[in-house]
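Read from first to last, the chains carry the letters A, B, C and D; within each, the first residue is number 1.
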Amino acid sequence: MHETSASHAAHQHTAPTSFIRKHVFSLDHKVIGKQYYGLALLAVFIGMGLSWLMRLHLGWPAWPIPLLDKLSAVGAPSGVMTPEYYLSLMTMHGTIMVFFVLTNAPFAAFGNYFLPIQIGAEDMAFPRFNMMSFWTTFMAFLVMMAAFFVTDGPPISGWTAYAPLSAVGGDAGPGLKVGQTLWAISIAIFCIGSLLGALNFIATTLDLRTKGMSLARMPYCSWAWFVTSVIALLAFAVLLPACILLILDRTAGTSFFIPAGLVLSDKLQPHSGGSPLLWQHLFWFFGHPEVYIAILPSIGIVCHILPVFARKPLLGPRATVGCMIAIGFLSYMVWGHHMFVSGMNPFSATLFSVPTLFITVPATILTLLLLGSVYGAKMRFTSASLFCLGFISVFISGGISGFFLAQPSIDIYLHATYFVVAHFHFVMAVASLFGVFAGTYFWFPKMTGRMMNEALGKLHFWLTFIGVYAIFMPMHYLGLAGNVRRYSAFVDDYLIPLIPVHKFITIAALLTGAAQFIFLFNLIWSRFKGPIASENPWEATSLEWSTATPPPFDNFGGKHMVVYNGPNEYGVESRDGKDFIMQTSPEKAPAS
Amino acid sequence: MATTTLPPGAEITLDDHGSGKPPERTPRQRQVTMPGSQAQKSETGMWVAVSAIGMSFAAFTSAMIVRQDASTDWQRFQLPHVLYLNTLILLASSVTLELSRQRIAAMPDAARHAAGSAKALLANGIYWLYLTAALGLIFVLGQLLAWRNLAAQGLFLATNPSSSFFYLFTALHAVHLLGGMGGLFYVLRKLVRSGGAGETSGLSAFSIYWHFMDLLWVYLLLLLAMRM
Amino acid sequence: MGKLFAVAVIVITLISVSFFVMHTWWMPVDISTTGPAIDHQLEETMTGSGLLFLAGQLVLGLFVWQASNKNPARKIKMFPGGASPLVAAAIILVGIEILTLTFVGTKAWGAVNLAPAAADSLHIDVQAEQFAFYFRYAGPDGQFGGLHPDKIDDGSGNYFGLDPANDVAARDDVVVGSLVIPVNRPILLSLHSKDVGHSFYVPELRIQQDFVPGIEIPVHFTATQTGKFEIVCTQLCGLGHYNMKAYLQVMSEPDYEQWLKSQEGQ
Amino acid sequence: MRMKFFAALGFTVAMGSALMVFATPPPAGSGSITGKVTYTGTPMKMKPIDMSKEPSCAKQHATPITTENVATGQGNTLEWVVVYISAGDEGTTTPSQGVRYDQKGCQYLPHVLTMLAGQQLQIYNDDQTSHNIHPLAKVNQEWNKSQPPGSPPIDTKWDKPEFIAVKCNIHPWMHGYFAVLKTSHVSVTGEDGTFDIKGLAPGKYTVTAWQEQYGTKTQDVTVGAGAATANFVFTATPY
């Protein structure tokens, strides 16, 4: 079945034997992928814990949270958190989730593990860079965590770190002295790690595809990782300069972002002439593409997994890839829609609004194609496929609200309200994480050699699916009522009647968060006790299912894969009586 | 900036990393089985790296333009003349690099005629590479002179946005250049060890980087000359 | 399992939509002249995208319901017509929606942000600082005093940094903690910040505008109803962000004049 | 939690005024310096404070409170002037008893609090809103902490003598001072401008009067067995 060549048994680098080279400073993309996954898992539970604390405080601001005073005596004397501690948690929640979870899990983790396998390569193009990129990211994570342990605590300027709040230092408030500097350094380090990763992904995709693996035959998630890496390369190459300028403003006395005549805490700041809007432009030039860095890999993963369980080909494979590229391209023209009310030239609002609205075209096409792929399917309902279907649902929900926020006139009212929080959590966070969950249930057997527990997986899906709607759908209502985001308490007369909604959201968040421990348990338990997985348990076509489970060090055990088909050959009648044809099968797929 | 801390030539080692490789599986052979090639990836990677660096400097450039327009506090100052001399030195280093590449590229041909002449070519190529590194170092030292010149005028990093950007651009460029020199020594070591065989991809990847650094400097100089 | 999913999606969708339809939580009553256009735009978008939302989720539910049919003899079905009609439909329908929204929406946006303020507007200077708004009226001389950041002294109530010792125009400036305005008269605010970024948000006015340190940003509006409303900060500005607010009091013209007199006396 | 809150509130009501000026140990000598602090010229107006932003505080003041940076009384007297022995005072020991600072009705009580370097300082929030206490120390270590309603008092002290401006960013009108001194022989003028430094042993002293807007004035005073007199006059400007 496979084109083999015994003489090509060598890997680019030989398999290491020592524990450190094997599991810690490994050059193997599979180990690095798992390391990224582990880091994202650690980060997501920290981030979720922070959101629990925030939600508890928002629902019941006067209640002392047990043990919180032990965690931070300064931030929560007697267990009731101070406003600045709330903002610290909020900043860290956003930063950890966006950078260390949504960038790491769907892109770096799964991409590292499966991109080389899916294109038939033995490893990434530059394994040493690959290792460096993970450890750089890990170092960034440590620096970020260090902010929890400095006297003032983590920064309070939000994950967007708007200048001059983030730039002037301690006079602007607690956490803005050492904590904010650590934040900026951590993000700068993270940028370097991500740039190395993106470079590797691009070179690997371009140069290491095996024989027959034309770009047209590449699986959709490989396409998504490739497009994402191009976006990431350009986006992080802009965030890094922004962070350097911010660090200089904070430590070297320059005035890139700090204008003249600011008086903070009765002190006239020794700066002049800087432009706060410059930071916003640089940040959002990165920030908006970052949204697609988070979501595109998950779109790719869903496009990859859904046909496997629908037992029919993905509708419009070329249009799918085209839409991904279009989204990537458009993502660089829309950053200003985050700044409609920022005081930039009001004419530019229309300029940014039109391409923003145009992104809905490829996004709508993707959604319709996914829906069309579900049509007439013989669906196999597994944890993975349920999360794919859930992805479609939340992607619609999150995408629709984009229609509102893309319009400057409506954004005047909805900007900085919970409507925005609902929008980006649905479309960026929840949708992306649904892709990660689908990917985990789907690829876990390949990565560990064992199946995950389906019953627990389905329970996890139902609690999560209903839970996220219970959390984020009411936030739209709050936003419509003008509920401002990033408030540590609601003291305004018109916000007080909305507190019951916040209580409901808090309860939903606690329950949904608790459901994630089912996932964690399933992950750990199945790793050791799950039933042994076969080579191709889901009857999928792509290359990762043509090799042993888990794959050997050089991915294909010395074989050189030759690809004859695209990844989309489902619902066909193969010669051996199956309904799918492997990419490596020399059998010619019937023309559809 | 992204790749500054890493020697840009480092990836070329991966081609022949692992000595257990069977002799018949050379990068050239992979070219037959793959659309792209193993040998290609160093150059691909370098082009990608170079575009990321270019993007970063584009971001800095737009930051500078926005910052200059944002306020009236921009003070022009005379660029130190040593910069123009430095530019010539850096451009010369590109020439020496190309001379070296010519020698090394000619080696396989020469080897067919006489083994001795190939060796001489390698020695000659390496000599030009050392000269390239030396010119790079002189350039960086020259930049330091320019800094001292500015400092003597009382212009420091935080004095004025114009001086901030001057120090920023020159420092970042110098850091990239020093990183490139790290890569150059890596390539050199490989060349010496392997006797010049199969190292052309590393050298050509490095040359992409080095020429780009040249171009980048010329661009920065023009930009600074216009804005200062 | 598939049928359960279909039901769940449909139930979630219907519950979600019902709260929008019932306006259980909704925008407060508009009190500005530019607000109705924004409300109209929002209602239109709500109807259009609400239908899309409903259609998308219901179709998903329907397809999943069908796809869960376990009959082993059943064959898969391709989407009729393939991808091209879908792609074309998406481009045309969404394209038309986009162009319409942009065309109509630009008018609403323009009325707020592009149209110049009326010449006879009442000019009020607004300063945002950690964590309060202060409002300055020109006083009887109709002239605002100059601002000197080095003179700012919260302890003596000099929040704006006025220099009454040397600047006669500054001596009669009225500085208060609430924005008091006459009804039906065009108001022109100049927003400037003392320290970091802030934002001026009055839901009832349908106005939201950031304060950007270093620049002065004009905002104009006309209130059409008297009453007391809240001005809140929507740009994260530090620890007291949640409590950064002021009241907007819209008064009849005589009440306003009287209020202004009483303030000038102090 | 709630009990604690009311206890704190009750304590404040009972002790507030008593604690306002003195929290110093009993006198060691029988001599004293008394006097009056006045101004010449036209002082700044005490401006009414607009607290409408914080209704829970605004309703505690029937008439708006005013700025206190130049607090004047009838007969050109100056309130909140710290008069203390700046030289000649030997052997002051830090009392074990702390001093108390209250935030009540979005106002610092007292406006100026004197304490010894190293003396315990307890800061209470008696309001139903969060305050942040931000002492803008220059000699000592500056800090900035929030105190939500009902939280325990902030327990702290200052190591070095300094006049430290205190502000609340959440309520920008809240301004006060910590007068951290080396001596316990100190008195703060009341509305009538008078002060009374008690418990002085006979001898020669340098007395300093400090006013937050006008700075310091110094004079030498010789104290016998009874009361010596020292008056201070500051020059006021209208702006």
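What we mean here is this: a contact is a pair of C-beta atoms (placed from the backbone, for glycine too) under 8 Å apart; a residue touches a chain by one contact, two chains touch by 3 or more.
Just so we're clear, the structure is a prediction, and the values are computed from it rather than from any experiment.
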Name the chain pair with more contacting C-beta pairs, choosing from A-C and A-D. A-C
Hey, how far is the Cα centre of chain A from the one of chain C, in Å? 29
Where chain B and chain D are represented by their mean Cα positions, the distance between them in whole Å: 65
Mean-CA-position distance for chain D and chain A (Å): 54
Taking each chain's centre as the mean of its CA atoms, chain B sits from chain C at a distance in Å of 50
What positions in chain B touch 2 or more of the other chains? 70-71
Residue ranges of chain C touching at least 2 other chains are 129-130, 153-155, 214, 238-240, 243, 245
Name the residues of chain A that each touch 2 or more other chains. 82-84, 173-174, 259-260, 265-266, 273-275, 277, 489, 491
Pull out all the chain pairs that touch, please. A-B, A-C, A-D, C-D
Sort out for me which residues of chain B touch chain A in the complex. 1-3, 5-6, 10-11, 13-14, 17-18, 20-22, 24-25, 33-38, 40-41, 44-45, 48-49, 51-53, 55-56, 59-60, 62-63, 66-67, 70-74, 157-158, 161, 164, 168, 172
Can you tell me which positions in chain A touch chain B when the two form their complex? 7-14, 125-129, 132, 191-192, 195-196, 198-200, 202-204, 206-211, 213-214, 233-234, 236-238, 240-242, 244-245, 248, 252-256, 259-260, 272-275, 277-278, 281-282, 285, 560
Residues of chain D touching chain A in the complex: 1, 129-130, 132, 134, 136, 142, 144-152, 154, 165, 167, 169
Within their complex, chain A touches chain D through residues 61-62, 64, 74, 77-78, 80-85, 170, 173-174, 265-267, 489, 491
Okay, in this complex, where on chain D does chain C touch? 44, 47-54, 67, 69-70, 129-130, 132, 146, 165, 167, 169-173, 175, 212-213, 237-239
